[in-house]
């Protein structure tokens, strides 16, 4: 802290120009707790868009880049250069920027999934970040307060040994054959990788299971389907899961399920109790101890708390998606400032696990649902 | 109708003595609409119980049997003999009575699953009922008004071509190792057959899918688990389903899922719309046309109706499990009286399909989840 | 119990001919638990309807009456005459039959409200029933298992001293100007009495408050409104309530509230905890102890029980409106058989209290909302 | 927009030092959309707190004031002085700062209720803001997207003429006698004014009714109660409302209702349809056209839109309390920049109406519930 008090962390962004969705989300997340200031960007590879997007965001013209490599090089040299960069490009343009900025000694926040190809993900784990630059993967659903509490409750044996995990993530926006910016790259194998729905949202569901339960996957049996004619990648995912230690699970992800906007739901059943949570009403979680009345836990209510669990505002004043996203940014600010180890934050290793999951699901489905290890 | 007006149908019962659960349910179902009168029974194979149970129910002493074969023989000869019998014994004591009464020319109402062994089920389809005696299987969940409406909506293409079916039936009463009359026979292979949870409630879920969607199953991939130490049969069921025509599905049934009393839930997604319904709040059903607001349909509310769909009381006055059960009895009364074909009523063929499903699930699970036809 | 076992109670009915709603409900309620047999009726004052309705119900022609007085006289003399009669006529035809049958020594089950005029209600409390004939008012919502449990929880101080009562009963079926059998008499002062919505459903809400909380009303302040042009009686009721001991409450009843089929809801707040219940999902009740997580109690689930509390089937198998109604009949059968005092059953005194409530509400509303005692 | 692109609006704050709740909320709201930069503050009247709070927020030491009058004077003269100030002090310290800053030509954002006394509120409407400085009252619940859509739907006659309004705002945090910073001033007449619960949350409920329905209040009948011994102000509010044109309503606000964290709920019934919304699940709203199935509208879903209605992220990604609060700030930024008239923003006139409502409620309650105009 200087004489003027706390200084904001200087942030850059790759991707996220006009009309981009996830870049906009990252910027709100960065602003919400007042920890970051956006000062540079390669917001688009098209110069005009890059420039006008930067103008709108108050970025100085000389720091509006069109090439992320140049941006990494130049910013690394400036005294007031960015300390951290957010990578919000489509999947196939994650590897390059992540590598470039980490090697330039600039911390990296990267959207999920980690890369388009498993090989790229593994390669990222083998580079040497300059100056011990840190990495954050925005598996944002893990940052909902009640998901952190769920993890804490599982760890502290409130559920007993886990037996069954039911996770699902239905959406409906690809029910018909749509053509737009968001849909196009997601259903293009060259940009998304081998997985469609499995990579876009299946990984979120899988990652959330790992985060909350801590279970190690032994093998999966998958059935991936493309329902909409002409679609090259899966739009519906059915997976059975075997976990080490004997637990069993099911994962359903779909983008062709009418009536579901963003229906991520996690249910965990142990020997002693269960937990159930829906993302679209994230301030409530059911806790059901066997033989006792069901309890509705709330963010901010009785019993709220646990490792890494906090709320900005009291119970009954709903927090949502943006607040959870911002929590990743706020926690990572602490990591950057050296105030926190970031134990709860999604890492490169988590990103690699996600890529292995996608690959195994695709492979199992090709092998007629054969149980597949990874 | 005689001069005195409508006469009640004379009903007998096999099983259902004191402390039996499902026999009690059948009796309420038989009484509710005033169509039946219970006049004979082999309520227990233990003479004392058979006699005192009959007394409590107002059955004349000479019609309180201990042997179902004798009951079939004697009642078939009486002028005022029973016209129909309800079989409410454990699974392994279904085959004998069903055969005896049908061959005696007495209509049969039988609890599900049809038998303990597939071979018995097939054998039942090959006997010749005397006097064209009719048969009803009490797959009761199909008789909820909104499940009949769902079937009608699927048939009339309100959902478009079906793509995805998600059905689940979690309970929690076997979470721990319990010893009681209800639990004991269900987890004894000699009495239940090869399936535990899959036979007890998995068949309900599967049958409901068939009833509502009309889809034919192509193959299933199953993972059956026994979580409670010492248990001989499965207490958790994970199944992936392939239907003819390309639809895909998941079925989860469990008796070790804390927080679930009787959580049967059916969700169906088509090209144009979806339906969603929960048995524990059966007077509501979601209908979600793609691109329009979700609609909450109610029993008795706007749009209520369809083939075989009716309600006893207006919307907002909840009907429940017993009313749905009673609808099977009321409709079967019409079949007996020759006023109705009973097209919506579960048949012997449905019972055989249920037994094939159990067998295929057990086999697939033994074969490491191999996709299994039946 | 005779040699043949338990005998059914012989039941008659006044009103309830073809197309009647509440008579049909009473008959199902009488049949459900096997305690009654309908053997006589004055189902309509129109001879043809009375006769054909009786035929359909299996009543012998000579016991199909058109005049309730004749029915009372004749049945009282028969050896196999009715033991109890159900009065299911419109409000203004309650007084006569109740008086006639009680004075003939026949038990009476009467639909609510007790009468059309307070004076009639009071007069009924002053007659001398022959042979100590019993009386039951079918304030049916009090017989839901969880409402009896709520009463028990209040009595046993689970909520602490009651502070606030919020009760509401919105419906929507009179939103527009409808003309049918059900609507016509309800909105005709000559048949309903001085109250429309307040008498038809407001009394249900008020009666439920009294039953569950045991609070004595000190005064009410009412605003009754008729929204639909030409309607002679109120179709919307707003009432503030002061209870002895300091508790305060609000009652809203409406028949012009779109989206509400039968939305009776009761919420009670005490110094230590609260209860909340909705009739249209009656198998669940919230219990919220201050400073602890909210608990969802279920009919048949953990903690289920209390004075007069019972369920026919396990939790998760929903019971509904008809089962609650049938519980009144079943309990009254015990009273008739001398096996039970009927302490939880709605009495003549409850009926009088309901009539006083209607009168006070109408008066307060005329007096510009003046707080009115009764 | 300068060469560097969009400039942030310079913001100051009065109140909101360490441990303050609402100041923290205002700061997040100001940051979320990137429109404001906090550069000055009189965060506390205690110099040490004022200074350290400013340090934490990155405010330069020379702009950390302890006296709001000095702050107004100094900042008005600086070239880089604040353009707008947020007043987040307790009610009795609203009047002074609002007056000082408006007269200094600095825009004002003020927390609700407008003042502690009606006279102060009226006086504020009579001052002359220098340079046409603008004013915003943070009646934040009106800024939820679905509440703006509700207003739009009412205006465009989707409900027909409004008949009934049921609004409630129960909380439970004052169920027992608590002593803390938040509770103390709210229950102190010298700081809060004549109303406790009525002023703290009753005004929110009343304001929301006015915003959504546009109805003018004709008179109210109120019953204010203090349940917790020793409490000087009301902790429970029961109000009946008469609106011009014949509509009727009920308002319940309570801070002693266990199980309610922040249960603001609004239900509106018209001749043709109804709307229903709960603040604690703010991304959903029921729309119930009479005679049609109920529809569940969602923020971002089918039919979403209307005057001033927008969302930051797609449906299914929940937005909450902070986003709604931030919308007031974002819209006011447009007013400040001259890009918007601010027609939907709460004004001084709305603040005065709120104060009149509090006064009328207190007066009616003293007059035994007499219907009171204002």
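Should a chain be cited, it is by its letter among A, B, C and D, assigned in written order, with residues numbered from 1 in that chain.
As a convention for this text, contacts are C-beta pairs under 8 Å (C-beta built on N, C-alpha and C of every residue); 3 or more make two chains touch, one makes a residue touch a chain.
Keep in mind that this is a model prediction, so the values were computed, not measured.
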Comparison of C-D and A-D by number of C-beta pairs in contact, larger one: A-D
Identity of the chain that, by mean CA position, is farthest from chain B: D
Separation of mean Cα positions, chain D and chain C [Å, integer]: 44
Distance from the mean Cα position of chain D to that of chain B, given in whole angstrom: 56
Centre-of-Cα separation between chain D and chain A, whole angstrom: 34
Where chain B touches two or more other chains, by residue: 260, 294, 298, 301
Chain B partner contacts - residues on chain C that touch it in the complex: 1, 3-8, 21, 24-25, 27-28, 31-34, 54-61, 171, 260-263, 279-283, 298, 300-301, 312-323
In the complex with chain D, residue positions of chain C that touch it: 163-164, 166, 168, 172, 175-176, 221, 223, 225, 227, 236, 238, 240, 242, 246, 248-250, 252, 254, 256-259, 269-274, 276, 286, 288-290, 294, 368-369, 371
List of chain A residues in touch with chain C within their complex: 287, 291-298, 301-303
